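What follows is a set of structures for review.
Okay, so subunit A shows up in both of these, paired with subunit B first and subunit C after.
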Partner chain A sequence: MWSFYTFILLIFGFVSVLDAKSSSGNSVLVILDPARQPDYSIFFNGLKEKGYDLTFRAPKDEAPVLIEDDIPSFAHVILFAPDSKHFGKDVTPQALVQLLSSQTNLLIALGQKQNLVTSLAPEFSLILPPPGSSLVSYFPERKEPPTVVPIDVPSSSKILSSSSSPVWFSGVPFALGNNPLVFPILSAPAEGFAADSEGSTADALFDAADKGGEGLWAGSQLAVAAGFQALGGARATWVGGVELFSDEFAKKEISKGVKSGNQQAAADLAAWTFQESLVLRIDSTTHHLVGTSVPKEHYTTNDVVEYVAQISRFNPSKDKWEPYSGLDDLQLEFTMLDPHIRTALPPVPGSPGKYAVTFRVPDRHGVFKFVVDYKRKGWTHLQSSTTVPVVPPRHDGYPRFLSAAWPYYAGAISTSLGFFLFSAIYLAGDPREGNLRGLRAKSTKAQ
Partner chain B sequence: MSSSNSSPSAQSTSPQSPILSLWKAYTQNTSDRLKFIDTFLVFLMASGVIQFLYCVLVTNFPFNAFLAGFASTVGQFVLTASLRSQVNPENRSEFKEVSPERAFADFAIGSIVLHFFVFNFLG
Partner chain C sequence: MKLFAPLLLLAATVQASILTLQSPKFTISSKNGDQLRSEPISMTQKPSPPLQLSPADTLKLSFQIVDKDNGKAVQPQQVFLRFYDEESGEEGIQPLRVASTGKVKFELNMSKPPLSLPPTSTAPLQVTLLLGSSSHAPLKVQLFDLYVPASYPVVPHPDEASFHLLPEIQHTFRPDPKLPPRFISAVFAGAVVFGPWVVFLVLLFTISPRIPRLFSPNVLPFTLSLGAFEYLLYQYWVSLKLGDVLLYGAVLGLVTLFTGRRALSSIAEKRMGAKP
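What follows is the complex of A and B.
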């Protein structure tokens, strides 16, 4: 009996370890042609193992709906229907944008055909090549067709595991506009270019570029996977080709005996999109005079103030928020229209998740704000604003006597002392002159 | 001869003679009490000049302290000068009804009131 309970406990413990969850929910809607569902079994099984509830829906189905009574039905939406021309009537670009602004994460695959996905892409500042083109690279030399390209995972990537081997990719590369919220996750190889997939050569590409006047779609400035961090915190990931997630590419070898990095990259992309990785939040912020611990209603000019922020990072393997001290480029601004003070907000050694800075309030009164505005590509945006009035000193808050005025004080005091001394000697009378009466007598004599 | 002797000596002192004779007349003809008042007046004037120079050359901040310090010297100077003219035996005809005691009492009360305002304004 005892061993049975231990067994049950062990099972639960094991399940809870496996049951890694997103910080924003576990329900996922996958819009995908049912016939192609088995092609992505490794990716979807990986998600299920992590604890996600996957709901599948064919592109033309009407149910389950994305948004019901203005409330999104799912925490995450995967749109793997790059070749579908028609969608259910609730799947519209407007609906997808509304999902994003109501905290639903999107994982979207692009295709070569024009459909609602390609018309939505420019809204995210993705610039797609002409329809029908795909990424072509003749390097490195390999037996695969030139449209199936191995791409190295950048070693500096925070989102993708940098240790994984190159990733097979087949699909559309795209350029990124100057929207600051969009950033490349995986760039196209430097030797790659976008061209009509049917046996085009580099010469044909240059001709097309000259004729079309659109310039050359080539090089590592193009991206094949891009992330978009919405202001509300939701995330959207755009991938140029849905084959990146397929079982075929996951099993395909990069070279003899070396598995491709597709399985890991697909899982990493999903983990970032579903807000498992690189998720931060500000737990609390507080401010107080140095030497005290209670926040003041208002501060006086030139007060020395300490500002403290407590920051947590989501740990998906424990499904818990944990204090995080790893941010070394956090900044605090003390603003009244403009930042009057902009200073580093460094982590406090020894206390996890605590960031603190001490500074002198400027010699300027008005309504100020403590502003933390941390926007880094990939990380959740951190924003915090605390309004606090700064007042001039009270009438009795100024120093009473100033060293610069000592000549004046000395002048006034010496005048008073001189007056008393003068009066005393005057009243005592000059011994040689006699007293007042003598003076009067003399004056009468003079008359 | 004696007159011819005295005239060169008068000529030799003649460039300084107005100031010297003024000084001589002052030291000889002024009573010690009036000289004492004059000493106090000179001190007040020096103090006022020093404060004014400090204000012009260094700083007039805090201005209220300058006003208080400077006004105390000026006010005291005015009061003391009034006292001097009232107790001067030569002005006896001008101030017939003001005795020297009365003059000093006026001076003392005026000074005390002045210093009351000065110290209120100083800090």
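What follows is the complex of A and C.
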């Protein structure tokens, strides 16, 4: 019986390994107190079923290391140690930033205590409330304490499944700076605010706000989960409370008979962080004169040129890159120092993943670039730049017969013809000068 | 019965703990103290028309928070005014101070707007009162819509624009060079061509030379090779490159050398023969 079960498990495991993967690797390091590991079993099992290879490490452990010989050891790192004061000596803010710049994705949970994570957060333009604060909301009326808050999933969210029910949250809300690389994934409720404890009174809140500056953390401008996409493409997700991922909240009912959206939201957050969802890439770009298909090494001013880009999106359920025609706001720039032309790069109907535009090259010569720079919050940034010189027409590239110069052409051709006719007559003439003599005879007669 | 006890308890607490506002009202006064508008606030519907504040006006808001059942004053933990601009999504939250009698007073002086007032656009700010307490059910009252003078727009991050659709840029091309009317060009081309040719043909017919050896096998190849040179030069203008012209010209030159020698020697022979 045992072996049968193991067999089933093996099969299941094998199928699930094939089932879904990240576009950037499957190895995950989880930094978590081993005693708390069972609290998040639903979340971690979900990841394992998707095919991730989880390695656990206690915060104070020295191994396995994050970066070995300057090469990150894992494709993704989950940092679920908001309450740990001390970490292994290779877990430093610098190491986490280095991970991010070497394409490793981070999923980080914040806590109320000050530690490495809270000191790293400002580098990502997160503005945290004073230590010890947590999100408090008395709305809606419920039997849970005010620090356990149900949060609606925004219907416009690209990262979280909009159909899921509200998510239980308990933890720290944070404000976001105006850095465009960071964006809220889950906003705090408008009625919520950050407070030291439940016992804080209206007076204390008033005094905090009255101090000015960042005195009060309140309202829907705060976020409880935020995404940050580094310029290199790696993703970091910040979550205000690790309880969002817990089994307790995943099983907790949001209202009678309705399961909370935590399990789905946690999986969606991980899917975005681990580069499963909203991942794009440019497969190829090419350019050519209209009517031809071979790219030219340089173009002449006023040429009509077609630019074509092929774009794919990662499909995690098939672990495959698939042509994607869903971008309707892609733009192409033709730049020399500044963009001379910026035009929409629309998808070509009928050919999936293909985006093309035709335009006339400006009448300025110089070294130009075809630039595609597509940055949208949540999506992978697409960047492509192709350098191409634009030259003035060659000496023989101008029109040969301008109407303004017709007299000149006519004159030259007529002179040529005259020369030819004269030569023909002269060569074919009678050498005995009979004609001349005849002419002379005529003229004497006339006299 | 045991099972239902907590539920009943909950129901009882919910029943017992509803907050309400007593005598809520607002007053708008101008800089020199004149009262412009003063009305009580209804809990169910917003005052119409919406409130309007000019840059020097002051809005005063006052109410008392009481328990709906026993009328006792309550001091909730959370007494917030939320200003929300639906158009821009900007939001500001102003906590209010509650006296132990449950009385709350708030003054919004537009000459010194508080930090909590969000940047405003042309849309009105929706003002909501949020009351939250651990002992009572929370209360959310839509107080009124408020027009305040527009603020300076928010200055976005310099890179923020590149995360949105950018305005299209079109290149302004130089206008095509202007050409004189084709008719005039044609007239002058005609004049250039016909003038000399008329003179030439008139003179030619006057002397009407005999050309007995036009198709003579000695002379014709030379004439044709001279013609070929002219044609080569024409082709140079139209399409050929210098290298091609030099190559063809060299070949043609060699041919012309022989045809020319033959033609000229034949002419010389004729002339010598014609001499008495």
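One rule holds in what follows: the second predicted complex is superposed on the first by the 374 of 447 C-alpha atoms of A that agree within 3 Å, B and C clash if a C-alpha of one lies under 4 Å from a C-alpha of the other, contacts with A are read in each partner's own complex, and residues count from 1 in each chain.
Please note the rule applied: contacts are C-beta pairs under 8 Å (C-beta built on N, C-alpha and C of every residue); 3 or more make two chains touch, one makes a residue touch a chain.
Computed from a predicted model, the values in this text were never measured in an experiment.
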Should A:Ser137 be classified as contacting the first partner (subunit B), the second (subunit C), both, or neither? second
Partner chain in contact with A:Arg400 - subunit B first, subunit C second, else both or neither: both
Check whether subunit B or subunit C contacts more residues of subunit A in the superposed model. C
Partner chain(s) touched by A:Pro122 [first = subunit B, second = subunit C, both, neither]: neither
Applying the document's definition of touch, where does A:Ile341 land relative to subunit B and subunit C: first, second, both, or neither? second
Let me test your reading of the model: by the given contact rule, A:Asn179 touches which partner, first (subunit B), second (subunit C), both or neither? second
First, second, both or neither for A:Gly326, with subunit B first and subunit C second: neither
Output the subunit A positions appearing in both contact lists, the one against subunit B and the one against subunit C. 400, 402, 404-405, 407, 409-411, 414, 416, 418-419, 423, 425, 427, 430, 432, 439
Inside the complex, what are the residues of subunit B that reach subunit A? 31-33, 36-37, 40, 43-44, 47-48, 50-51, 54, 58-59, 61-62, 65-66, 68-70, 72-73, 76, 80, 87, 89-90, 92, 99-101, 104, 108, 111, 115, 118-119, 122-123
Over in the complex, which subunit C residues touch subunit A? Could you list them? 10, 14, 75-80, 82, 84, 90-98, 115-116, 130, 132-134, 137-138, 140, 156-157, 159-160, 162-163, 165-171, 173-174, 179-180, 182, 185-186, 188-193, 196-197, 200, 204, 207-214, 216, 219, 222-223, 226-227, 230, 233-234, 237-238, 241, 263, 267, 270-271, 274
Write out the stretch or stretches of subunit A touching subunit B in their complex. 400-402, 404-405, 407-412, 414-416, 418-419, 422-423, 425-427, 430, 432-433, 436, 439-440, 442-444, 446-447
Subunit A residues touching subunit C in their complex are 136-141, 143, 146, 178-180, 190-191, 193, 198-203, 205-206, 208-209, 212-213, 216, 218-221, 302, 329, 331, 333, 339-344, 360, 362-364, 373, 375-377, 396, 400, 402-407, 409-411, 413-414, 416-420, 423-425, 427-432, 434-435, 439
